[in-house]
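For clarity, chains are labelled A, B, C and D in written order, and residue numbers in each chain start from 1.
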Amino acid sequence: MNDVQNYSDKRGISVDQVGVWDIEYPVTVKGRASGSQNTVASVDMTVQLLPQFKGTHMSRMVEILNRVRGEITMANIPQILSSMRTSLDSPQAVISLRFPYFIEKKAPVSASPSLFPVSVLFSGFSDSTGGDSFILGVRVPVTTLCPCSKEISVSGAHNQRSFVTVYITFKDFVWIEDVVETIEKSSSSEIYPLLKRGDEKAVTEKAYENPVFAEDVVRNVSEKLSADANIRWFMVETLHLESIHTHNAYARVERFKDRAFVLEEHLRMFKGFPRI
Amino acid sequence: MNDVQNYSDKRGISVDQVGVWDIEYPVTVKGRASGSQNTVASVDMTVQLLPQFKGTHMSRMVEILNRVRGEITMANIPQILSSMRTSLDSPQAVISLRFPYFIEKKAPVSASPSLFPVSVLFSGFSDSTGGDSFILGVRVPVTTLCPCSKEISVSGAHNQRSFVTVYITFKDFVWIEDVVETIEKSSSSEIYPLLKRGDEKAVTEKAYENPVFAEDVVRNVSEKLSADANIRWFMVETLHLESIHTHNAYARVERFKDRAFVLEEHLRMFKGFPRI
Amino acid sequence: MNDVQNYSDKRGISVDQVGVWDIEYPVTVKGRASGSQNTVASVDMTVQLLPQFKGTHMSRMVEILNRVRGEITMANIPQILSSMRTSLDSPQAVISLRFPYFIEKKAPVSASPSLFPVSVLFSGFSDSTGGDSFILGVRVPVTTLCPCSKEISVSGAHNQRSFVTVYITFKDFVWIEDVVETIEKSSSSEIYPLLKRGDEKAVTEKAYENPVFAEDVVRNVSEKLSADANIRWFMVETLHLESIHTHNAYARVERFKDRAFVLEEHLRMFKGFPRI
Amino acid sequence: MNDVQNYSDKRGISVDQVGVWDIEYPVTVKGRASGSQNTVASVDMTVQLLPQFKGTHMSRMVEILNRVRGEITMANIPQILSSMRTSLDSPQAVISLRFPYFIEKKAPVSASPSLFPVSVLFSGFSDSTGGDSFILGVRVPVTTLCPCSKEISVSGAHNQRSFVTVYITFKDFVWIEDVVETIEKSSSSEIYPLLKRGDEKAVTEKAYENPVFAEDVVRNVSEKLSADANIRWFMVETLHLESIHTHNAYARVERFKDRAFVLEEHLRMFKGFPRI
């Protein structure tokens, strides 16, 4: 049986990325408090295809994923990328996983426990000469209360569910929970899956005391990440599902501390989370 | 060339619905204030397939849609359904269109004009013996402010963007704008694409003066539609993008004044708007 | 602190459903081959609200969900519904969970193993007088190859990814895997996450030997489910992402063997899977 | 009434982008064959916020959009961007519009006419010193038939709906229709909303004669755009809804002919189409 993918190609065009997208896959992820947790990821895997080959062998990517099943961590992504480059004879490889991650929360007054879902993204990139790059993405829903609405209104102030997304590269390990905390402290109030009446009062009042514009949210996050020497690059975005408008409010800040080639290449291929 | 669809089928099974889904199509819709407006619909068309036929002829549905291009109204849907039944030799036909519809709004204080998008659904059904049925669906974003949060908190109250959806059948013509108004008056406040500072103050204060639970929204709408003799059946749903929770709040009321066979059949095939 | 939800309401309108939607939650589900598996569900929980109450207590629904964490099965859904009715003083309750479920598959020639994701829905309903009802939903991607295209073309035939969805009520227990098998055998060919070259040849040739229209898929499934005395009601839908068209093809068959009141009520509240 | 947005900010952090997202808006777009056509866009507008300001004035963006209503073309986007920079006192502005665009097609044998929907994106960027940049994006559904499956199988070959997306910058004007044609000629076959039996035979056979991998599609497009001196930068992506797999195949090629500062800045803010 012919290996059509191995045929040679005469067009002399390398393909920046080719591979499999949107593989639904059960994974185990390490959490700070909970040891490890089981969740379900959407996985993309691609490699660069050199000009001389007609095609890549996508089934090998799925085989590599199968071999590490149940153990995808920030720590073993470099090995997965190395396997991809070797198995597919490629100078560059990318893998990204997006998955819900659950954090145990206690309501602020009643201490009622509940499971808070955030969205997490792992994106790894490897280049045969430039080395490896890893981006951690975390998206967290929060409350934001409008400073202008509060100041000009006799009572009340419009507030809404907002999604704050942080992407970072770093030198040493970072816990997902720490990024969540950075985001929540930059908003009007963190939110919860379960609130009893006393908790609802506390969250309402806290949000009213801490009004923030979209601009404030990204500046608050930015200030913390800029001051943290462990963070080498970051991008923070916020999207507010405005309660007084039909459209959304958006803000973004991105800062480089390094301009490493490997990061620049990684960002060319980096998709982030889907739009909300 | 053989007409495979016309082959006979031996299994003796009628197919309740078969046809084309998700056709993106430019349409012209009549509005109360604006004469007619141009928009883009997502169109589904299906017929019942009798047991003796192997398949329907889906291209004929697209041809029928092409013939009426630019003129899809509540008034000519019966003709479209009649063409579908005749052309496809079928006792039942359904067509549904979902499209954004724009309403000119003036901000409450500054009177600044803007275009407010709502979602509209036309669903027509025709049965060879039972006659025709038409369902109008309208989905409108509003603000809802929580009565409990207001009452128990020293200041402020959580509020959020909510989507209220009304489906109705009726005897005489109903304007989309009238359904929008019914919905907006059942919420804490209507919302706008464009608000200057004075408007923002007015909307914030109005919402604070009119707190509603999800339960209140659907009861408020229900009370109006129940009292309107022109309405023969309705369903109202609301979905609140809770600003203090990660999940949504939902409520629904449905009431029949008639139990017409044709409506019951229509509802078996009725999909409504997609989930938000 | 006042319990605003407990205030009385004067409008005399019962709310058919009110509750929480779209809770993201980790669950453990029993599988035939795999013992139990961990996955993540999207959960909706609602109750009927009697006319005399102003509101329901949504936080109690989340508490009930927390109490059974990790153990949501077809078997314990009646207890969850019973807790909901008791805790919220309601004659009716509904819970639905939608989650990806993974099946170990072996490729047809190479026997390479892989994890095949299908979508599963559990919907439970309970009525104080009518009793309980349970609907199982399973959505499976398959290949469908067009009989007309095959017959009229010199070579080749258009085929595409299609999603077949089956909803059933039943007397005795049904395995998710059995519904998947019924669906796959009604299509041109089952599909796989991992195929080596010999497998790809086998799947391509099998699909070419088994052309089916959308009409055939739903009739094939319908024939099997109609003949199965354990099945009391079913609905089967198929959506074909046509490879020669921009729109999709759709077909649906629904059959009742019982017309139980509790099923009819359940269906009024039943949303099924979201549209693809 | 205080202008809270105009308050000064002490953190010294400029915000790269802040503004309004997801405005649904009716627009009129010029087409080659059809004069102009009416459609509905999703619009994002953002500006850079200088460190000294607390917030931007989002309502002014909506006002600017209102002023040009019905006339958004590649030609007047620079004026919109200029108004945004002036009105919001900002060195940088971005506007992007995504909308369905309809092309009249005739079926290949019967010449039956129909309206073919493609997705179009206009993204304009303006920098006070670097000047203006414009990216045109076009996403087109096509058929792709697998060369490997064809070669190794006795008969048939798996094929599927694929979405090819091209983003370009250029010196002189480019018609949307020309980009669509480039994409369609790079696939196994263009597809149609309406095909009679003879047309279906023609499309099936054409696809069978022109098998392409994802790699081939992006290389075919790449070859044409690289040879076109009018094109200054491009990115081409393809996503195949594999008919034999549950996941998708993906490929991407990006090439720069210029490395203009303004393009590099624009790409930092460029989101492209949402994932399929």
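Observations, loosely collected:
Basically, a contact is a pair of C-beta atoms (placed from the backbone, for glycine too) under 8 Å apart; a residue touches a chain by one contact, two chains touch by 3 or more.
Just so we're clear, the structure is a prediction, and the values are computed from it rather than from any experiment.
Separation of chain A from chain C in touch steps, taking the shortest path, is 1. Across the assembly, the mean Cα position most removed from that of chain C is the one of D. Both copies, chain B and chain C, contribute mostly matching positions to the interface they share, with over half of the numbers common to the two.
Put simply, the C-alpha centre of chain B and that of chain D have 29 angstrom between them. Centroid to centroid, with C-alpha atoms defining each point, chain A and chain D lie 24 Å apart.
Mean C-alpha position of chain C lies 35 Å from that of chain D. Counting only residues that touch two or more partner chains, chain D has 1, 23-24, 117, 148, 152, 193, 195, 197, 201, 245-247.
If you draw each protein chain as a dot and join the dots that touch, every dot ends up joined to every other dot. Here chain C touches chain B in the complex through residues 1-2, 4-5, 9, 11, 13-24, 44, 46, 49, 54-56, 58, 62, 147-148, 151-152, 213-216, 218-219, 222-223, 226, 239, 245-254, 268-269, 271, 274-275, going by the rule given at the top. The part of chain B that touches chain A in the complex is made up of residues 116-117, 141, 143, 145-146, 148-150, 152-161, 189, 191-193, 195, 197, 200-201, 203-205, 207-208, 241-247. Looking at the complex, you find that chain A touches chain C at residues 1, 3, 23-26, 37-40, 59, 62-63, 66, 69, 100, 102, 112-115, 117, 193-198, 201.
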